[in-house]
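Per-chain numbering from 1; labels A, B and C assigned in written order.
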Amino acid sequence: MDIAKFASFITQAIIIGIPLLYGATGEMITEKSGNLNLGIPGIMYVGGISGVLGGYFWETYGDKTNGFMCILIPMICSLVASAAMAFIYSFLTITLRANQNVTGLVLTTFGMGLGSFIGGSLSTILDSGATVSLNATGAFFKTTLPFASKLGLFGKTFLSFGFLAYLAIIIAIVSAFILRKTRVGLNLKAVGENPATADAAGINVTRYKYAATCIGGAIAGLGGLYYVMDFIGGTWSNGGFGDRGWLAIAIVIFCLWKPDLGILGSVLFGGLYIVYMYIDDLPRASQEIFKMLPYLVTILVLILISVRKKRENQPPASLGVSYFREER
Amino acid sequence: MSHVAPHSEPLVRLSKRDVMPAWQGILVRIIGVLLGVALSSLFIVLVTDLNPAEVFTSLFDGCFGSPRRIWNLFQNTAILLCIALAVTPAYKMKFWNIGAEGQVLMGAAATAACMIYFGNGINQWLLIPIMVISSLFAGMVWGMIPAFFKAHFNTNETLFTLMMNYVATQIVAFLITYWENPKGSNSVGVINASTKAGWLPYLFDKQYLINIIIVVALTAVMYVYLKYSKHGYEISVVGESENTARYIGINVKKVILRTMALSGALCGLAGLLLVSGTTHTISTNTAGGRGFTAILVSWLAKFNPAVMMLTSFLIVFFERGAAQIATNFRMNESLADIITGIILFFIIGSEFFLNYKLNFRHKHKEEA
Amino acid sequence: MEKTTVPAIELHGICKYFGKIVANKNVNLTVEKGEILSILGENGSGKTTLMNMIAGIYQPDDGIIFIDGKEAFIHSPKDAFDYKIGMIHQHFKLIDVFSAAENIVLGIKAKGKYDLKAEKVKIREICEKYGFIIDPDKKIYEMSVSEKQTVEIVKVLYRGADILILDEPTAVLTPQETVKLFTVMRAMKEDGKSIVIITHKLNEVMEISDRVAVLRKGESVGSVLTKDTNPEELTALMVGKKVELNIERAEPKDCEDRLIIRDLNCRNREGSKVISNVTFTARSGEIFGIAGIAGSGQRELLESIAGLQKLESGEILYNDPNSGKQENLRNKTPMQIRHLGVRLSFVPEDRLGMGLVGNMDIIDNVMLRSYRKGHSAFLRRKEPKTLAEKIIHDLEVVTPDAKTPVRRLSGGNVQKVLVGREIASAPKVLMVAYPVRGLDINSSYTIYNLLNEQKESGASIIFVGEDLDVLIALCDRIMVICGGKVTGIVDARNTTKEEIGLLMTQTGGEEQ
């Protein structure tokens, strides 16, 4: 592989990795509060379609050339819709103390259904076949730094992305900082480790769980938005998002619940996702085996952390368990 | 903070319920379903301004409108129930196996492999037993891998089994590249379309009857296994308290492995029913999310196989009915997922009222 | 102490129910400012529940709490902090993967930057003021029990608590650590803090407190100044009437060495030694008592014999009375022990967490020991049902029927089911751990009588107890352990509580 090809591989790996990073960061924040939200794939899907819906309305009824609004409207739609999805999960698991696995799985089914329903209906209305295209909006999302292309290979490899890509990295770094260096982070980790203790220390467990789950959901939703608007360039097709939501959950484990590691993990998983395209003459059968790699390495990490039993690397201790103070 | 703001008494206080009479429990669940139905019809009416009555006629029409639809309804119920039965022993043991999807796919892949490679060489009466054994074995292996690590290193089984699903998906995708027919279609097509080798027999000319009979029998067997067998008893003890299990000398590791072997094997059987008894082909979508839905079926029925017949029927009923609504009114077929989703949210939510009691302030004062 | 000052805490008619169980009924209690108050009561007398209501863990079903003379509503531990109340629970509420400092500052809402370094300085100041020793950077999971307790106390002080509640703080401490704790408590009192200490140890009550409040069966039975009372009076208050234990004790007969324990050594999961060089012989036809403060290795010792603990070294030899053979049970699983034909029964301390399954009914619980019988793959519930009904009848278990989940029975009835099952197999060795904990007098005597019956029928009984009066009245010999080591084996007929008490707190040898 020559340098140019390798550079393009890195670029592609980052592009593929960004939606995963959003999903993983969102899920990490959620899991740090002790909520195992298996609805993330559904939330990300809804995050994508709600952005499309917002973009569609703005392109149809608003000013298509106003780049700021073209970006703002879909983003707000995406954030609100995915936070609302996460709120459903929160209400059921935190307030009504429903089983987290079951609720999450239903949320994914529901989200996939909702996304495909809206996407399908929209393309029927537009009579545009099986897809919805918002090229103007997509173009604004894809806008890169103006001088990126002048910086040679480095610029092309690392600076040629739309703003959402950088936002993902910023969010991951900020999340890591909050978890490590602030009271809010300390309290959040305590809620996920041992809610009874956190409660006894005067932390409002319910509020933390709600906030973490909804904010985490909103962040994950941006991954869906990035995928349709930037990666695909403003074109929605049902099911196009694939298994990225589950890959995001895999990254959470692979990166040991650390958002800053998540950046590397996402790029690595992004790379594994496409590496078969960069190996010459790889038969299709082997491609499928390559696509298996992210899951296999995640399983390997899962086994390793349980064998090594290092206390700092374990999943949040109360993950998957709902909390009721007067439990006896 | 020298002075403290007075804390007033909150309006509602939660407490755990002791027991609830059975009829009340059923009532709460029925109310949950009805609220879910009400909300989904509201949704349909809002997005389509159709008459709800018309919509509900379609719902029943989709399930019972023609003999073919009725057969489809029961066939789908049977497959879902089969997978739900499969995951139940694991769940009773509090082993959160969300890898049924992958275990079904592995069983399906093993079945398809037998049909493709032995279909023309072996007598039908030998082929089917070979298929059964290999599908059971494939599902079993897929279930036992996470169980082994759970038993020995306490590896988180929820995340492990979840990942195993996608490994299985990729294995099937890999196999499809070898089996695709016609070449380049990226799909397998109907296997042995002309010879029908390895197809489960049509009893009384009804394609799905054998699936349904197998699953009904399996339900009865599972009911007895869980309630009256020594294994079932051990599963309950391990699920309730691993400490007690160790104390009375149950080999917890062995029970975990054995139960997951059974759970995985039965998922493999579901894969066989899907490939050999239903579609006669295989794709990465063969399980179609049933591995996840089955968890709901089992959980909603409180892991009781008899009640699972009802819960699986209910879920399939809403799925098929909603799909019919979508077709009749030219809506997107994903409507079904939305409606089942809404109804399930309500059923899940109603569980809360079975386990907890709300104590309102006024009522509380009166009692005192 | 002047009576004119407003009490720090005043409780009026506090009631708390858990389902049908009455935990507290009409409790009145005051805590004066700057005093050390002991709350004394037997196990299950509702001391912890009462204090949990002040700390915001539970809310009273009825009654009023006054703090500083004003009615207070404490709905969460946070509310309690706002009232400057802090509780140190028996089960520490600490996050294992956090450091001491992180645990101490957890949950504090403060303006400004979160600066752990500055916080550590403040923590050190508190430690110096009262004489604590902790390393703020040490992770909780690397700490000893007493270090964890120190973290808990510092945590409460750090939040500016003026009222400290300590729930049985000495139960897990060595005597030296207890002395240290008491010194710190006095320093805090000097500083004007009110301290409530929950305990059932009379000597500690006499030593540390200014005043004693006594609870019995969830109700307050009065309070006295420590200087005006004596242990006898307190005991009488605590148990209601003066206890004359009337336990019949037959002379052991036909004693044979049944179980020989030699140089047993065992480490717990954290790697610290919990049993060192324990050697004793339990004989048939006698009750062999084991005394010691909680957590001295009693649980591990019994579990080792039952095949539930991995041993480092040592031998567990069982003399089979039928075959006359000797079997070594060391590192055998409970199953292997059964297969050797060893008739060993074990009533563990944790009844619902180990001995029984709470969600199963009495029949299925009775079946736990016997379900494997026969070659059939299916269960036979007929004999267990008969046995369950026999246990319910003979031991007067109060239950609607045999199909009631044991979780819904009261503590005494749960214990009767468990003991009933364990003696049903006519054991040759019967081990019981704290069999009367939380039981009323009648149920306790039922258990004593059952143990005596077993003794007379030739079983070798190992009895781990906490009440020295009971141990002395019931057992034939008593082994005392302290810190996992045997500090003495005495003849129960010729010993005194003082002698045993001394042995219990004697830490001989090097620290492990």
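As a convention for this text, a contact is a pair of C-beta atoms (placed from the backbone, for glycine too) under 8 Å apart; a residue touches a chain by one contact, two chains touch by 3 or more.
This structure is a prediction, so every number in the text was calculated from the model and none was measured.
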**Prompt:** If you tally the C-beta contacts, which comes out ahead, B-C or A-B?
**Reply:** A-B
**Prompt:** For which chain is the distance between its Cα centroid and the global protein Cα centroid smallest?
**Reply:** B
**Item:** Between subunit C and subunit A, distance of the C-alpha-averaged centres to the nearest whole Å
**Value:** 48
**Prompt:** What is the distance in Å between the mean C-alpha positions of subunit B and subunit C?
**Reply:** 44
**Asked** Approximately how many whole Å separate the CA-defined centres of subunit A and subunit B?
**Response** 27
**Item:** Where subunit C touches two or more other chains, by residue
**Value:** none
**Message:** Where in subunit A do residues touch two or more of the other chains?
**Reply:** 326, 328
**Message:** Where in subunit B do residues touch two or more of the other chains?
**Reply:** none
**Prompt:** Can you name the residues of subunit B that touch subunit A in the complex?
**Reply:** 14-16, 47, 96, 98, 149, 153-156, 158-160, 162-167, 169-171, 173-174, 177-178, 289, 292-293, 295-296, 299, 330-338, 340-342, 344-345, 348-349, 351-352, 355-356
**Prompt:** Can you list the residues on subunit A that touch subunit C in the complex?
**Reply:** 181-183, 186-187, 189-190, 193-194, 196-204, 311-312, 314, 317, 325-326, 328
**Message:** Could you list, by residue number, the parts of subunit B that touch subunit C in their complex?
**Reply:** 1, 4-10, 13, 18-19, 228-231, 233, 236-237, 240-241, 243-244, 246-249, 251, 368
**Complete:** The subunit C residues in contact with subunit A across the complex are 18, 55, 57-58, 76-78, 81, 87, 89, 93-98, 102, 105-110, 114, 139, 141, 155, 159
**Request:** Quick one: which bits of subunit C touch subunit B in the complex? Just the residue numbers, please.
**Result:** 19-20, 59, 61-62, 67, 70-75, 79, 82-83, 306-308, 333-335, 337-338, 346, 348, 350, 353-360, 364, 367-369, 371-372, 376-379, 408
